[in-house]
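Each of the next two complexes has chain A plus one other chain: chain B in the first, chain C in the second.
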Partner chain A sequence: MKREHTRSLTDYAPLVYPGLMLIIFFVVPFSTMIAVSFFQRDPAGFYKTAFVFDNYARFLSLFFGQVLGFSLLLSVLVALCCVTIAFPFTYLLVRQSRAIQTVWLVALLSVLSLSEVIIGFSWSTLLSRTAGISNLLVWLGLIDQPVALLPSFGAVLTGMVYQALPYSILVLYPALVRLDPTLVEAARTLGASPGRAFFNVVVPALRNTLVATIIMVFVFALGSYLLPQILGRPQHWTLSVLITDQAIYQSNMPFAAAMAVFLVLISLALVGLTLLVGRRESAA
Partner chain B sequence: MNTKISRRTVLAGAVVGAGALAMPSVLRAQDKSLKVGVYGGYFKKSFDEHIFPDFTKATGIAVESVAEPTGEAWLVQLEQAARAGQAPADVSMMAQVPMLKGQSTELWAPIDETRIKHFGDLLPQFVSKYQDGRIAGIGAVAWYITLVTNTDVYPQAPESWEALWDAANKDKLGLLALVSNSFLLEVTAKTFFGGTNALDTEEGQLKAFEKLAEVKPNVRLWYRDEAQFEQALKSGEIPMGQYYHDVTGLAASEGHPVRSTFPKEGGIQDSGCWAVSRASKKMDEALVFIDYMSQPSIQGLMSRKVGTAPTLKREVLDLTPEEFAAVSTEIEPIIPRYDLHATKADWLNQKWTEMIVG
Partner chain C sequence: MSGKILSRLYLAAVGLFLAMPLIVVLGVSVNEKQDLAFPPVGFSLSWYAQIFFDPEWRRALIASVLLALSSAAIAVSIALPLAWFLWRRIAPWANIFQLLGIAPFILPPVITALGMLTFWASSGLYGQPWTAAISHGIFFVTLPLVTLSLGFASIDRSLTEAASTMGADDRTIMRTVVLPLIVPYLVSGYAFAFVLSLNEYIVAYMTVGFTLETLPIKIFNALRYGYTPTMAAVSVFFVFVAAIVFGLIAIFGDLRKLLGAMSSN
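Right, the complex of A and B next:
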């Protein structure tokens, strides 16, 4: 098929609306944030228009480096957990009847309607000593007395995976529905076990979708600031928690903006690197 | 043909007539209104229930109460709105550090003290002034942050803030997460270093940080959101911590197994001012409101119904000794170093965050 070259301005018309939205909802706010990140902090009040690097200089320390490192690690872990759970689940789901699929998808969509606050408080109750699931284990005779399962890293991870899982499934679902079933049938005919067919045929065939899902969950998890506070100890607070502290409680907008810009740049770099590595591999 | 006017017609006419007469006063009531920012939760609920309806009855000014987030979130919102000429609330209840920070950007419209009848009866700490003497805010309420415990877990009330450092309380405490609202540096200074003056120098501040770091293993929750700790305290999940005396008192009166104790070193006395945004066009109504709120009878009513410590001199109040004791104490309070929190905020915040996160 030969691709037509664009000839006139009107050919670009369909791009105007998305372009405009991108400018209003991304370029303008993000540019504002970059501008504020160079403003001068006024400790007794808010900020003055200026061009200083103080805010970035304050961020470049071992302390914030560690917090940033933890945030990235946590987000990667959340993304990997989500895909590990969501991919086999969705693979099995698309093999069910239409009615069963609908019920599952409606249930998953209803989870999306829950706010981060509700998810956080629900999990903090579920994992508590006084009312949590450990009481159930005591009743079953598995442990002697109820224990508090939070605050802990596990609780933070659980809450964040719970929150991001429906998104992962909804991203994977269309790709898995479209997957040609004859691929697996062919593998099975050639003697592959179901597990082997899944890992050697289905997973590679959907590699790009998987990478896209991981990136989406990673970015999503990076912005989480409530769950680490509710379910974790201070050492589990992400950079987003500290950004919120600066912006809301310290009214230090320039420093908050500098941290946010840094976080965006680092995550963009990581996403870019992932895509670059992916392209190299598929070219090889 | 029946020409008699029926009883029903007369009644209907009377209703229409009364409606026509009533209309102008309804419009007037809508004309005079005031948006008042009050801390969300217990405060807003109590004010809406016990204070604002009587105010509207007495003055004809309708109050629309706005739930404020605590801390500086509201200050940021007010300031940003004021830059755009908007006032999300005409009068706001503001804590002392945001009061000082708001002064530096001239956020607060100066208040004419001659319009406040009981101005002379206010305790000195409840008049917030600009450097040049203009009045930025008038004391609204005072409250105590005290040592709170779950009575099921601790049958015996603790006596001193030292309980926070007690190794027996490992993983049992809920403390406020910010240096600027927990005032734990002041508590440490008063408990171990003889008073908050120990924080005058950077050396003294570092010493307090070092001592405070010893509390870390005992802390289960560093909370920003009050609901988070309150729930855990009531259930006994986190049985000890620092919390608001008045809110704890209200929870106890509702039957929850919680108590608030004034430690022998004193409770932390924090307070809020009424301040008027410079973007507000309702200074007149605002002054009527502040004057009304500063009357001894209303301060007494608030102590009884809301549980706040009054802002006026003890002798002008109509509180019985028992009623006074329920909201305040003879024990000398720990007064936060607002000056430090306003001027050294960034340094204190950095050290604090490194201490609890690191």
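Right, the complex of A and C next:
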């Protein structure tokens, strides 16, 4: 059965239900959020209908600038750490037997699907004074008594790298599986060491994939909303945390919506950039 | 030779990093007394029993499982006709629905969560348990959409063509040829959505957080009032559920293919 053009209106029938669901429960909520970002706060309820730019004007404050700057910086750091660890890892992984790859993929998916709540709880336990890693160091005789390693910037960064690492590996996996193995073989035959073949042949061949992955992981890290709260101090809060906080605890839905719209714009611009990078790669 | 050892060491180091927090949580979860000691003091599985027998944890468990079952069903019910249509017809503008199906998953989750919150609040339905099922269904529609698109792409079109030459209509072809071929993709799409919905916090919290406690919400609330080994037990339980579900997909399907190891057509 070939793909056919739609001939009559009834051919569109299968599209009615999914189309309606996506429009009513995604497009409409999304538009509602944009509308609410121009509304006014109502301390007694959710919001008051209005048309003001006050919520966006608040972006111009020093506090917001600091949160935004910190979020972007943290996400860049997470993306760089993740791809630095994930790229050699995935390169080595695709060289294992199919069975070993499958076991790894199951493990990676299991960690990836873990709730941020559980990742946060696990790391806060691992870095705590009573049950944490510092007890191991005491036992090894490296330090005198156990210490709490959180809340701290290092804890937030570690937790977020943990959360985004399986994602980075799974984004890199298809590109590395399909990489022509003769490329590396040729380099090796010509006398390059495995390390040199990796850095001089594999890395440049996948440069665009690497850039696209860094951006994808960056957007993923921007979405982290609980780890900065659980593992960090208030000065480590990111835009996502601030949105949650304003919407739920400060009941300022219009301001939260304005920040969310801003976050969408940043994310969309970056996702657009990855598509552009990807297109250039397939064209080359 | 030394290269092989080095590469094994590197894989093992990443594995250790990924396993470390889970090992500690596993250790904490079998403590005999109610404190989070590691290595555990004594051994007891009573904290696991508590997930099923303590009324509050059990209520959260039931809420989570019901939410995951129903939202995964909603996600599949949206993805199946959409993926079928995109495979069967040439209608470039219909790709916009594919984009809509993928968008919630690419954007930071807090955005979908806030969109849902403003929507349900504006429509006056805020807090109804089923609103969370629909919200999760939309949020996770990407997963069955991706697996089903892969599934349809892998169908050899000459099979359906043969059926149609022999006089089968669209409906018969769908039932006798297409559906049996895409069932594995349907099941894995459902399973992916199920596991992720089980673990999801922010969308559930923003839609029904004040009326219904799912397991992730309960864990987060418990984090504030002091830690108990039950939280650790629930975490271990979640890792096991995910590992079993993805393990089953790997055994009965082709996980490498689902994750893009082979080109889709």
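Annotations
Keep in mind that, in the parts below, the second predicted complex is superposed on the first by the 233 of 284 C-alpha atoms of A that agree within 3 Å, B and C clash if a C-alpha of one lies under 4 Å from a C-alpha of the other, contacts with A are read in each partner's own complex, and residues count from 1 in each chain.
The working rule: a contact is a pair of C-beta atoms (placed from the backbone, for glycine too) under 8 Å apart; a residue touches a chain by one contact, two chains touch by 3 or more.
Since we're looking at a predicted model, the values are computed, not measured.
Legend: residue contacts after superposition of the two complexes on their common chain; A:248 is shown touching both chain B and chain C.
In the superposed model, A:131 makes contact with both chain B and chain C.
In the overlay built on the shared chain, the residue A:151 is in contact with chain B alone; chain C does not reach it. In the superposed pair of complexes, A:227 makes contact with neither chain B nor chain C. Of the two partner chains placed by the overlay, neither chain B nor chain C lies in contact with A:214.
Ranked by how many residues of chain A each touches, chain B and chain C are led by C. By the touch criterion defined above, A:18 reaches chain C but does not reach chain B. Residues 46, 121, 124, 128, 130-131, 230, 247-248, 253 of chain A lie in contact with chain B in one complex and with chain C in the other.
Contact residues on chain B toward chain A in their complex (touch as defined above): 69, 71-73, 75-76, 79, 100-102, 104-105, 177-178, 180-181, 220-222, 224-225, 228, 232, 235-237, 342-346, 349-350, 353-354, 356-358. Taken together, the chain C residues at the contact with chain A in this complex read 3, 7, 10-11, 14-15, 17-18, 20-22, 24-25, 27-28, 35-38, 74, 77-79, 81-82, 84-85, 87-91, 94, 97, 100-101, 103-104, 106-119, 121-122, 134-135, 137-138, 141, 157, 160-161, 163-164, 173, 195-196, 199-202, 205-206, 209, 216-217, 219-220, 223, 227, 231-232, 234-235, 238-239, 242-243, 246-247, 250, 255-256, 259-263.
Across the interface of their complex, chain C is touched by residues 1-6, 11, 14-15, 17-19, 21-23, 25-30, 32-33, 36, 46, 85, 88-89, 92-93, 95-96, 98, 101-102, 104-111, 113-126, 128, 130-133, 135, 162, 165-166, 170, 173-174, 177-178, 194, 219, 222-223, 225-226, 230, 240, 243-244, 247-248, 253, 256-257, 260, 263-264, 267-268, 271 of chain A.
Those residues of chain A that touch chain B in the complex are listed here as 41-46, 58, 63, 67, 121, 124, 128-131, 148, 151, 229-230, 234-235, 237, 242, 245, 247-253.
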